[in-house]
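The following pair of complexes shares a single chain, chain A, combined with chain B in the former and chain C in the latter.
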Partner chain A sequence: MPQVSLNQRELADLEMIASGAMSPLEGFMTEAEYRGAVDSMRLPSGVVWSIPVVLSAKTKEQERLKPGVEVALLDEAGNALAVMEVSDRYGVSQEYEAQMVLRTTDEGHPGVQYLRSISSVYLGGNIHLIRHPEHRDFLRYRLAPKETRVLFAARGWNRVAAFQTRNPIHRAHEYLQKCALEITDGILIHPLVGETKADDIPADVRMRCYEELIERYYPRERVVLSVFPAAMRYAGPREAIFHAVVRKNYGCTHFIVGRDHAGVGDYYGTYDAQTIFGEFDPQDIDITPLFFDHAFYCTRCGNMASTKTCPHGKDDHVFLSGTKVRQMLSEGELPPAEFTRPEVAAVLAESATKGGGA
Partner chain B sequence: MPQVSLNQRELADLEMIASGAMSPLEGFMTEAEYRGAVDSMRLPSGVVWSIPVVLSAKTKEQERLKPGVEVALLDEAGNALAVMEVSDRYGVSQEYEAQMVLRTTDEGHPGVQYLRSISSVYLGGNIHLIRHPEHRDFLRYRLAPKETRVLFAARGWNRVAAFQTRNPIHRAHEYLQKCALEITDGILIHPLVGETKADDIPADVRMRCYEELIERYYPRERVVLSVFPAAMRYAGPREAIFHAVVRKNYGCTHFIVGRDHAGVGDYYGTYDAQTIFGEFDPQDIDITPLFFDHAFYCTRCGNMASTKTCPHGKDDHVFLSGTKVRQMLSEGELPPAEFTRPEVAAVLAESATKGGGA
Partner chain C sequence: MAGQTPDMVTLKIPRPLYERVQQLIEGTGFRSVTEFATYVLRDLAAQPALEKRPARKKAPARMTAAELKAARQRLRELGYL
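Showing the complex of A and B:
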């Protein structure tokens, strides 16, 4: 049986497909699914799906594989994880894919770089899992969609908001989460620990921050922390739609969309990832997006707020740039409690002084 | 033409009908509309409608009025405000109405008292307004549904949350409003200034509180203050549904439902006014209810929170009972800023020391 070695993104996608997180996808995309997703953000069935989930050929032989064959999908260590029935082999224009999905063909975009690093021949077809991708970290936090759904049901949660993040949770994001939690029954803090940019904070540091924060500032019975195994695409608006719709599979009813969700650099407008939801009938999205603005602590309000809820000026707002925070932390200095919970800041400072980021 | 003098509740209802706030009602309820509302919370058309909007006969002659006649509807000063084509005259069991709508027949309930004070013969039919009910107060805040809709459109608001209140806005309610505002484009603060219980705070004092609060703590461009001319029924859950669905006529998309909404005494469970929404298909309600729990300032969180978002104990929470607040205010003492904004407390204290309530 021919063997296809998966790269990190494909490995993450395989896990998402196998766990049901990518439902209704049952394999890597066929050509029709790919064209639908790229051209109109819909699968042929009409289901909203905004990004390609594809397997690229890894060799010239694979670029000539005939539909009908079965291939083994291997992880980086060479373990066979799944068998795929190749139903489609198709060539694509990666320029077009980049322009449509990423809204740019600029080489500075990590998604464009990724596309240039892979073959433009994709293999599609249903997969049959042989063994789950192996993980060594965050094992107690790796809940599959059916597990989170059971957990939410056991807790009696009817309304569950999901919060996606690839950063530590400062006060601003805690505030968004808690606003969402006030109008729901529970929150799923769902950090992405799949492939991210090299300058994002390491997942293990982030997880320690989340643990500290939840332990001290969240009611245990209202929050679930679980990792989201997807790889980042940095596709901004398109990825926000993807992040929202797949959370339905996890049993969530609401999805938090902040500023520049899943963005990178300045490729997307601040609110593009919110306004894109307006292109769909809410019933087609079928998960309620909760749009939030940038939040801060206002000394005159005496509480967290955003420009939507606070009339005061910047001088009254406790705001630090990412650069400033990184600088403070690397010097062992903690940001103010109005910006970052002291317990979270301590974790970040410990990591930063050892050479991590913030 | 026979003349029917309206009591305060009927006058408020007439204004609501005439302004379109009660749409699709075009008059006082016919028997079929009344039976539908009382028995199944639906008009014969299927539209959700949870409370009776009825005109009671005021004299023995009116109890014998024949369908087909026209009657003049008079305000308390004897001005003719509208003509009603009497299409229905029907007798009702007020015990049954009370049990169904108010969930009690206890005489201590103000809604039961009201029912016992009026005739059990109701007159129904479409109304034709001759002149608007006259108001001398809050004139700049009396926006009809079509006016709020125009205003929201002019501001570009697609998502508008309505907040109903008959009390001053302390920090707890400001917090609920701002949580709602974070996920919407604007908020309609819509205090009820129609008939309320004698021990509720006078509307003029409340309005001064709202003005102070908005002036200092809300972005002008994100809030509209307007009075809601309905009379209180104190019907708890049924009235929460009513309060929600009529806000659609004002152009609102979200409606805040706190604890014991529209309740009185201990006739309703704390969350009855929230759980009743579960009896309907959300599409039939067609306005998104936002359910909130009791909120407080938590000194350990350093922010407003509820038991859903704060894990700390009561000792960390700034909470004052209504009795305690009234006592402090009547002695000219201001509640802490974590409980009431100082500017609002000052208005209440000024009123309280002059003999008002809190």
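Showing the complex of A and C:
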């Protein structure tokens, strides 16, 4: 049987398809599914789907794979994880895909760099899982969608908000989560642990921050911490739609969208990831997005607030850029408690001294 | 709009909308707002696109009793339940 080795993103996609996280996808995208996702953010069935989920041919030999052929999908160690029945083999314009999905063809964008690194021939077809990808980290936090749904039902939660960021959690994120908790039964804190940029905060550091925070500042019975195995696309608005719709499969009814969700650099406007939801009928999205403005601690209000709720100026707001936080930590200085909980700051400081960044 | 008879029911719409439609149908051949609304609704209801509209929510695959038991067991072992 021919074999295709999966890269990190494809491996994460395979795991999510197999677990039902990417339902209704049952395999890597066929050409019709791909065209629908790229051109109109919908699958041929009409279901909203804003991101291509594709398997690239890795060698010239694989490019000769024909529909009807079964191929073994391997992890990086050469373990066979699944069999895919190839139904489509199709060439694409990655320039067009980048422009449509990432809204740029700039080589500085990590998503464009990824596209440049893979073949422009994709293989589509349903997969049949043989074994789950092997993990050595976050084992106790890896819950499949069917498990989170059982968990929410067991806790009696009907309204569940999902929250995701690839950044360490600061007071602003905590504020968003607790605002969401005020109007829902529980929250799924769902940090992304798939492949990210090399200079993003490592997932293990982010998870330790969450553990510290939840232990001390959250009502445990109303929070579930679990990991989201997807790889980052850095597709900003389109990825926000994707992150929202897949959370339905996990049993969530609401999804928090803050400023520049899934963005990178200055490729997207601050609230592009929110306005894109307006392009769809809410019934088609079928999960309620919770939009939040820029949040901060206001010294005059004496509390956390956002530009929607605070009348004061920037001079009264405690806000630090990621660059500033990294600089402070590298100099042995902790961010103020109004910006980051001391316990989280300690985790970040420890990571920074080991070269993990903040 | 329509009187209450065995074959007909009454629909309520905002009065400003009713008055606006009244203006719109002047000279069009529609004799009343009721006639116009019936025409539009009948036309809309006949569109196959409405029936093909994506399901609001994909029903999660039904779990067998064994799968449910296994999921609960794992959640307990991990400390979630």
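Here is the rule we go by: the second predicted complex is superposed on the first by the 358 of 358 C-alpha atoms of A that agree within 3 Å, B and C clash if a C-alpha of one lies under 4 Å from a C-alpha of the other, contacts with A are read in each partner's own complex, and residues count from 1 in each chain.
Note that in this section a contact is a pair of C-beta atoms (placed from the backbone, for glycine too) under 8 Å apart; a residue touches a chain by one contact, two chains touch by 3 or more.
These figures come from a predicted structure and were not determined experimentally.
Would you sort A:8 into first (chain B), second (chain C), both or neither based on which partner it touches?
After superposition on chain A, A:8 lies in contact with neither partner.
If you count the residues of chain A that each partner touches, which comes out higher, chain B or chain C?
More residues of chain A are touched by B.
Please indicate which partner A:59 is in contact with in the superposed arrangement: first for chain B, second for chain C, both, or neither.
A:59 contacts neither chain B nor chain C.
Give one of first, second, both or neither to describe whether A:275 is in contact with chain B, with chain C, with both, or with none.
neither
Taking the superposition as given, does A:113 touch the first partner, chain B, the second, chain C, both, or neither?
It touches nothing on chain B or chain C.
Thinking of the overlay built on chain A, is A:176 touched by chain B (first), by chain C (second), by both, or by neither?
A:176 contacts chain B only, not chain C.
For A:299, using the defined touch cut-off, is the partner it touches chain B, chain C, both, or neither? Pick first, second, both or neither.
Neither partner.
Just checking: does A:79 make contact with chain B only, chain C only, both, or neither of them? Give me first, second, both or neither.
Once the two structures are laid over each other on A, A:79 reaches no partner at all.
If I apply the document's touch criterion, which positions on chain A are contacted by chain B in one structure and by chain C in the other?
none
Quick one: in the complex, what on chain A touches chain C?
Residues 20, 23-24, 45-48, 140, 143, 145-147, 149-151, 154, 224, 248-249, 251, 283-284, 286 of chain A touch chain C in their complex.
Touching residues of chain C toward chain A in the complex: what are they?
The contact residues of chain C facing chain A are 52-54, 56-58, 60-61, 63, 67-68, 71-72, 74-75, 78-81.
Spell out the part of chain B that touches chain A in their complex, as residue ranges.
175-176, 178-183, 216-220, 222, 288, 290-293, 295, 301-311, 337-338
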